[in-house]
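Read from first to last, the chains carry the letters A, B and C; within each, the first residue is number 1.
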Amino acid sequence: MLRLIGRRLALAVPGIVGVVVVSFLLNRALPGDPAAFFAGPAATREAVEEIRVKLGLDRSLPEQFALYVRDLLRGDLGTSLTTGQPVSRDLLARLPASLELTLAGLLLAVGVAVPLGVLAATRPGAWLDHLTRVVTTAGVSLPVFFTGLLLVYVFYYLLGWAPAPLGRLDAVSAPPPTVTGFLLVDAALAGDPETFRAALAHLVLPAVTLGLFAMAPIARMTRAAMLGVLGSDFVRTARASGLAPRTVLVTYALRNALLPVVTLLGMIFSFLLGANVLVEKVFAWPGVGSYALEALIASDYAPVQGFVLVMASLYVLLNLFIDVVYGLVDPRVRIEG
Amino acid sequence: MSRVVRHARHVVGENPVTGVAGGVFLALLVLAAVGPRVAPYDPLLTNTRHKLEAPSPAHWFGTDQVGRDLLSRVLVATRLDLGIALSAVALSFAAGALAGACAGFYGGWVDRIVTRVMDTIMAFPLFVLAMGIVAALGNTLANIVVATAVINLPFYARMARAEVNVRREAGFVDAARLTGNAPARVLAVHVFPNCLPPMMVQASLNLGWAILNAAGLSFIGLGVRPPTPEWGIMVAEGAAFIVSGEWWIALFPGLALMLAVFCFNLLGDGLRDLMDPRRRT
Amino acid sequence: MTGPPLLEVEDLSVEFRTRDGVVRALEHVGLAVHRGETVGLVGESGSGKSVTALALLGILAPAARITAGRAVFGGLDLLAARDEQRLAYRGRELSMIFQSPRTALNPIRPVGRQIADVLLRHTTLPRRKVWARVVELLAQVQIPDPERRAHAYPFELSGGMCQRVMIALAVACAPSLLIADEPTTGLDVTTQAAILDLLGDLAARSRMATILITHDLGVVAERCDRIVVMHGGHVVETAPTAALFAAPRHPYTARLVASTPRPGAKLADLLPIPGAVPDLRRALPPCRYRARCDRARPACDEAPLPRVPVAPGHLVACRFPLA
């Protein structure tokens, strides 16, 4: 078991190395003079030269890379020109907002798509099957930002059910004391039902937007996998043994059908982490995505690069996690591999 | 050739949706070509007396916040959006197929390098990588195309590599070699053309995603600058007005996007059925 | 065999709805099994042997429809029963084992857990006693080191061991009837004999009746009390084993027996059966063997196909049985 984790960890290392190298290259590929950028528009020539030396831009490329890695290992991602804070601190402060949103979207997607896929597979050709297929095809065709805007229009402007898309809480609500950074968790921990409700109300629409996006591939894969498994020999044996239909469906069929869905999660996370940025813009969600966007507009590049690096590292780790989970669920990988 | 046409007619007959998608694709291409000429108004012409007007007989899609006719803007944007998507996919296809084919054919360190590069690209959440590339290279339209092309490279490279690998072992490659053809020629003339059909299917499926990517990048303010009409940036402009009820500014460009993507996805599915030998009678 | 039959099947007819039309897979199939006896169900591939078994258990594919027939088992008509009633029987009183045992077991669940699932479902054994019983069962089917093997996954076991696990699964609740559908196909010869011996032992020990489905006449000759021969979805002959081999009365059975390899016979002595299994999608004459039969006469086209008792316990579905 530990050997499996160790092996997967070893496989993740080249990924992280690649990410760091690419980030470094992107860093140095800035148009114009990076030193001038980091020094700011009002700097004098001496100040720019100082910055250049400080940043190590007068050294050779491999040396610069070494310095870059050294800074990374110290947690130094540079400083944001707009906030004046170290980028790492800004990112850390805003990461929980993005994570809460992404997790909520993913949970929603899985929670709806898997049962939908199962139902569509157990009743092939029924209207539910066709509906699932239409919804999933539409789901991959709609731009995620467009879906978000449509939802805002319908549920906020027309129906008034959702709050204004202005972030995680209303202007009047005070955030609960920060424990995890997840508003729902923190509000629950503080025993504050009002804030909890407000946070939830603000989370719904953006989470649904993200979730719709992920629902399509999950539902499609679940349906296909279930159809395959339900026709398999071992499900026939389970039925022949007189096991309860629920047991056959869940313990025997679904668990096997979910295996390919787990491997799909890697691709889904790639989409989600990207779509996160778009959703954060639509709903003014104060996460790392909007942080990077604000910086981008202000030509403040350190936050953008820090954002790319952090997101990519997160993605590598997520893939590692998925691999380990898959190994836990499928003994054939664990024991043979 | 006629066999392909006959088979195509059979598939389209069986699958009218593909036919419709093909028709829409052609219509979009036509619009891209003649858009500016068909547009009723100048897409850049502002007219603040008629700003934020809902759809009406004078302005079928309404007007935006500075009075520009939205129908004209959506029509004219077709050229830009399709252009971005098609050039990104073409670039991606060419570079990826070449890299993948060489990797599959020559093996060894060529294979290792190409695979390593593609793996590194795939180690990033792709949209985030596109953001990073545009941020690094500069906020221009050309860089949007480059970024979208880069993030699509691995699909084509992997596919080409796999297809070439399969065919490399096939008999006709050895036959070509034995007749004295240089390896590169064998690759170019004999192996590669056979890999193209499945990759074309992938390309059409990819077009939809390329459009979404490009639109996403322009939505967040990369690449296209106002007042250029482009669907993504138009949705972004309309976003601010959704909360006050002016829905048409964001809706129509969004629908255009959806239509294009939907059409490409359906077309890709249809093409896949066309190529799938199991479907042939 | 004396006494009322444990299972009596009459006039079983099954159809499949397919894209190419309706396939009449079974027509007027009848058979009987008595307590403790071993009945062999033989025929070529596509003769309907497996469909019969699946119909009895009520686990046919959704495209299948039972259009006629009764199958009385323990006082209950299995074909007319509601799902809940059938569920009570399946795996408990009436069990089935399949060919390709490794794919017939859940690949991501330890084999012991799979047997435990059946025990928990059908017996009132308290949880803490279930695992001990699982190990007991595995020992009963002669799996070495059952304690350890109970935690194994199917892919870690050989084909023969997987089949033993399936048998343990099927006999866990001491059924009165076990249907074995080609249990030895795909196993090597030594293992085949061992598995069949095991089945025989288990049957003898608990007076369990067995239906042994196979295309191998040699197997049924050795191990079955009675034989039911099927062809094209029909039962063509039913007889005690000795009688069937000594004097088959149906032309098809005669050719089957003649084409079975036996010691001393040369290859030239083995006569193949001409023609092929009939296409069940088409309209067929009352006797589905007619096209391949060298004794066919015009009268053979008259419906219905008769079932002639030529001796006690010996039925032939032929208008002109062999002498």
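Note that contacts are C-beta pairs under 8 Å (C-beta built on N, C-alpha and C of every residue); 3 or more make two chains touch, one makes a residue touch a chain.
This one's a predicted model, so the numbers in the text were calculated from it and none came from an experiment.
Of all chains present, the one whose mean CA position sits nearest the global mean of protein CA atoms is A.
The greatest centre-to-centre distance from chain C, using averaged C-alpha positions, is reached by B. Between the Cα centres of chain A and chain B there is a gap of 24 Å. Work out the mean CA point of chain B and of chain C, and you get 57 Å between them. Averaging Cα coordinates per chain places chain A and chain C 54 Å apart. The residues of chain A lying in touch with chain B in their complex are 14-16, 18-19, 21-23, 25-27, 29-31, 137-138, 140-146, 149-150, 152-153, 156-157, 164-165, 269-275, 277-278, 281-282, 292-293, 296-297, 301, 304-305, 307-308, 311-312, 315-316. Within the complex, the chain B residues that touch chain A are 116, 119-120, 123-133, 135-138, 208, 212, 215-216, 219-222, 232, 235-236, 238-239, 242-245, 247, 250-251, 254, 257-258, 261-262, 265. By the touch criterion stated above, chain A contacts chain C in their complex at residues 232-234, 236-245, 247, 251-252, 255-256, 259, 329-332, 335-336. If you check the complex, the residues on chain C that touch chain A are 57, 59, 87-92, 95-96, 98, 100, 103-109, 117-118, 121-122, 153, 155-156, 166, 169-170.
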